[in-house]
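The following pair of complexes shares a single chain, subunit A, combined with subunit B in the former and subunit C in the latter.
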Partner chain A sequence: MWEYITFGLIVQLFVNGILFGTMYGIAAIGLSLVFGTMRIIFLAQGTMIIFMAYICYWIFTLMGIDPYLSLVIIVPLSLLLGIGLYHILFREAAGLEDKNISLLIAVGLMFLMENLITVIWTANPRFIETSYTSFAFRPMGINISVTRLNGLIMALLSTAGVLLFLKKTMIGMAVRAASEDMISATLVGISPHRVNAVAFAIGIGLAGVAGVGLATIYPFDPYYGFIFALKAIISLAIGGIGSVVGALLGGILLGLIESLASFFFSGGWSDAISFAVFLIVLMFKPEGLFVRSINKA
Partner chain B sequence: MENHLLEVKGIDVLYGDVQAVWDVSIHVEEEKIVALVGANGAGKTTLLKTISGITPAKKGEILFQGNSIAKLKPQEVVDIGISHVPEGRRLFSSLTVLENLKLGAYPSRARPLMANSLERAFSLFPLLKNRKDQKAGSLSGGEQQMLAIGRALMAHPVLLMLDEPSLGLSPIFVRTIFELISTLNAQKITILLVEQNINQALKIAHQAYVLKTGKIAMNGSGDELLADPEVQRAYIGKRWSKS
Partner chain C sequence: MEDKRSILISVLVVIAFACVPFVLDVDKSYFVFFLFLSFCYVTITQAWNLVGGYTGQISLGQHAFFGLGAYTTAIIWLRDITKTGYFFDPVTMILSGLVPVVLAIIVGIPLLHRLKGDYFAIGTLGVGEIIKVLFVKGGSFTGASDGLHLPSTVFESMKPYYWTGLFLAIFSTVVVYFLIRSRIGLALRAIREDETSAASHGVHVLKYKVFAFAVGAFLTGLAGSLYAYYLFHINPDAVLKLNWTLYPVLMCVIGGTGRIMGPVIGAFFMNGVFFLTDIYFVEINPIMAGLLIIIVMRFMPGGLIGLKDMIMSRK
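After this line comes the complex of A and B, so read on.
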């Protein structure tokens, strides 16, 4: 195998890893925001992404609307879905001392969605094939698929959007404050339900973006959501819980690890290595790899 | 003619099965400084938490400007004009000084006034202006206390509740904090003060309550309690008598 390795190939593996890793990254940002105010890992995040991928698929096949154009429907829809999910499912449980209840609701939601998706769309893998699906740029012999590049651009734009929102708006600042100290946040007048709902809205909104990104890049089936959630959790652990940029970088790093591992070992090894990295980071640097650089920013 | 801004009537507060406050009644008159003093664990902090809605009372009534507030949530209590600076300051330490102050003006009543409130906070605490883009967690203890009070003032409180504002501060900052409390009071802000620095607290208080194991043991004007031999012996002692 080693005789095939060229500089160009290595660059290609890096590019692939980075491009796909941004999808993990925005999923992890959603997890990070929800964890911030709710103190739970929202395990259904991956399934929400898959659900949004199916919605994108539906809009594409039934109405013939381009997947990227469907973002104008999917993003507002997923923001509203996030607010709705919080108020219907989590509102009561969020006030409880025992966060396991909220976590169990997230697990229940994940399995419910998984089964609903299977009933509606069957368990067969779906894929969105457009005229540009197989198109790729080839700068210096490196293959850059246009759908993956679009995924990267969408991820970067939505990360920048989330950062601006958290930094510049009063409710965004309130989300950051509540993530740090919920009691103190209520003492300045912040309603926990308000910030929880906003965190959910952004989390599911990002799931919408990731869903469109994923649907245009990979074939997907209902059960891929749980694996995606696990990847997002690994990204979050690598990047450090509570840091938006860290979560994105964590996702990119995980994408790189997977890309290199599946080439040099195999697809099976790639997952094993990802989880090993997850454990090693948690053991030796539980605050995440990128935390210090974020605090300065 | 007394003018009660806040009336607490016969409240019981429990943490799980443990009762922290037993049938406590206090009243706070408008534009006065009222001190709550007593040993650790006497229930002073709990009483403030109950007023601000963090730890609701099991029994009893709390009236603010004549309206019952016992069932309100903390975010609603601050909206009607009661700001609580909690023990240990509890700033948002990864947020900047400016962001902390802005969030102080979160209540809808205070938000339109934010620009003026910021100006007022910076003129009251010029130190904070120079550090406005610094993370709150990077400030010294005294600066953090000022920021915590500044943040509470951003909501334009009628009643300001301060929990141990001088705890852990250097003597210079302790003096600054007590001067500040008097200044704020002169600006017609009513103060409810919990302090372990009993001598200083009684000196500036118009009215004071001594709490003992969750019950009111004594009350009177600050001067009366300061002169009381039992208060002297139990809470102040020789090491404070010279200051």
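After this line comes the complex of A and C, so read on.
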């Protein structure tokens, strides 16, 4: 195998890893926001992404709307879905001391969505095939597919959007304050349900973006969601819980690790390697690689 | 379980369960299979209850212990290591419980020492997934992704399965019950309530946490061994799937966490739901399970056992 390795190939592996890692990154940002205010790991995030990917697939096949254009429908839809889900399912549980209740509701939601998708769309893998799917830029012999590049652009834009929202708007600042200390935030007049709902809505909104990105890059099936959520959790832990940019960088790093691991070892090992990296990070730098201050979390 | 009456009721229920094979045709009855599977779930759920419910350490790596128990049984049998009978051999089963204990101690000391709460949960999940990959990639020793085939010709009747399952369910419940009433149980609950306070009162936090984790692993490994005898074809997809972690967590929380009867009620209830939806709503049965988890958690956060308290307090 070693004789095939060229500089170009290594660059190609890096490019692939970075481009796909941004998908993990967006999912991880969603998780990070939800964890920030509600202190739970929202396990259903991956399944939400897959659900949105199926919605995108539906919009594309039934109405013939371009997947990237469908973001105009999918993002508002997923924001609304996020608010709705919070108020219907998590409102009561979020106030309880025992966080396992919220966590289990998320697990129940994951089961429900996963099987709902299977009933509606069957378990066959789906893929969105547009006229530009196979199109790729080839700077210096490196293959950069246009859909993956779009995924990267979408990830960067949505990260910037979330950052601006958190830094510049009133409610965004309230979300950040609640992530620091929910009780003090409540004391200065921030409604916990409002910030929770907003964080949740943005989380699901980002799932919508990731869903479109995923649907155009990879074939997907209903059960891919849980694996995706696990990858997002790993990215989050690598990047550091509570940091938006850290989550994106964590996702990119995980994408890189997977891309290199599945080339140098066989594909099956890559999951074990990413989990091993994750455990090592948890053990020795639990605050994450890209966070400077130590948070209590 | 404090008064004599509930002990008497428990003994009567156990005797009634033990007599079921004399009444029903064990090999044809779907109901007996349901009970057998419920007993397996009670065993692993009780194990999780000790770790997650009483000690407050949410472990999501139980499937590693379950799978390790099943694989230990299969490997000992196929390689003729202990030179004993193998089919329902107590030595093999106990060894299948002890191997997961070794893993629990090796993994538990660093994880329980450094990680708390959610981090511990994801850490154990990571360990579980790594173990799974190791078994898939284990070559001829673990049979890779195809797994190991045990000589299924020894199968004669469902009866030994039923009684062993019943025994394991009772065994794990009794073990957890007596542990919790002892000084160890006091220490474990103190750790759950407030680790710093427990440590300042002279409880060796890490030692007790690892102990609870190891006992949980032992009980889970025993159930894995029994399941291996039932399955005969041990492969990573069957014995190392994440359901072996998710189901006990669900059953425990739905029944009532940190209560001795919680896992029993939860296991029978959830398994009953799985079976009934499997019979009556084949198309949508997994949806029902998800929906039910949400409903129970949304309206009865204390679990089903909390329902009794709710009714009692209203009187």
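Simple rule for what comes next: the second predicted complex is superposed on the first by the 292 of 297 C-alpha atoms of A that agree within 3 Å, B and C clash if a C-alpha of one lies under 4 Å from a C-alpha of the other, contacts with A are read in each partner's own complex, and residues count from 1 in each chain.
The criterion applied here is as follows: a residue touches a chain if its C-beta (ideal position, glycine included) is under 8 Å from a C-beta of that chain, and two chains touch if they have at least 3 such contacts.
None of these values were measured; they are calculated from a predicted model.
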Superposition on subunit A - do subunit B and subunit C clash or fit: fit
Larger contact residue set on subunit A - subunit B or subunit C: C
Contacts of A:M173 with subunit B and subunit C, given as first, second, both or neither: first
Partner chain(s) touched by A:L116 [first = subunit B, second = subunit C, both, neither]: second
Which of subunit B and subunit C A:L89 touches, first, second, both or neither: second
Subunit B versus subunit C as contact partner of A:L163, first or second or both or neither: neither
Touched partner set for A:I142, first subunit B, second subunit C, both or neither: neither
Partner chain(s) touched by A:D181 [first = subunit B, second = subunit C, both, neither]: first
After superposition on chain A, the shortest CA separation from subunit B to subunit C (Å): 13
Contact set on subunit B toward subunit A in their complex: 52-54, 73-75, 78-79, 83-84, 86, 90-95, 99, 102-104, 106-107, 110-111, 135, 151-152, 155
Contact footprint of subunit A on subunit C as seen in their complex: 58, 110, 114-115, 118-119, 121-123, 125-127, 129-130, 133-134, 136-137, 242, 246, 249-250, 253, 257, 283-284, 286-287, 289-294, 297-298, 301
In the complex, subunit A residues that touch subunit B: 170, 173-174, 176-177, 180-181, 183-192, 295
Subunit A residues within the subunit C interface of the complex: 40-41, 89, 92-93, 96, 98, 100-101, 104-105, 107-116, 118-119, 226, 230, 233-234, 237, 268-269, 271-272, 275-276, 278-279, 282-283, 286
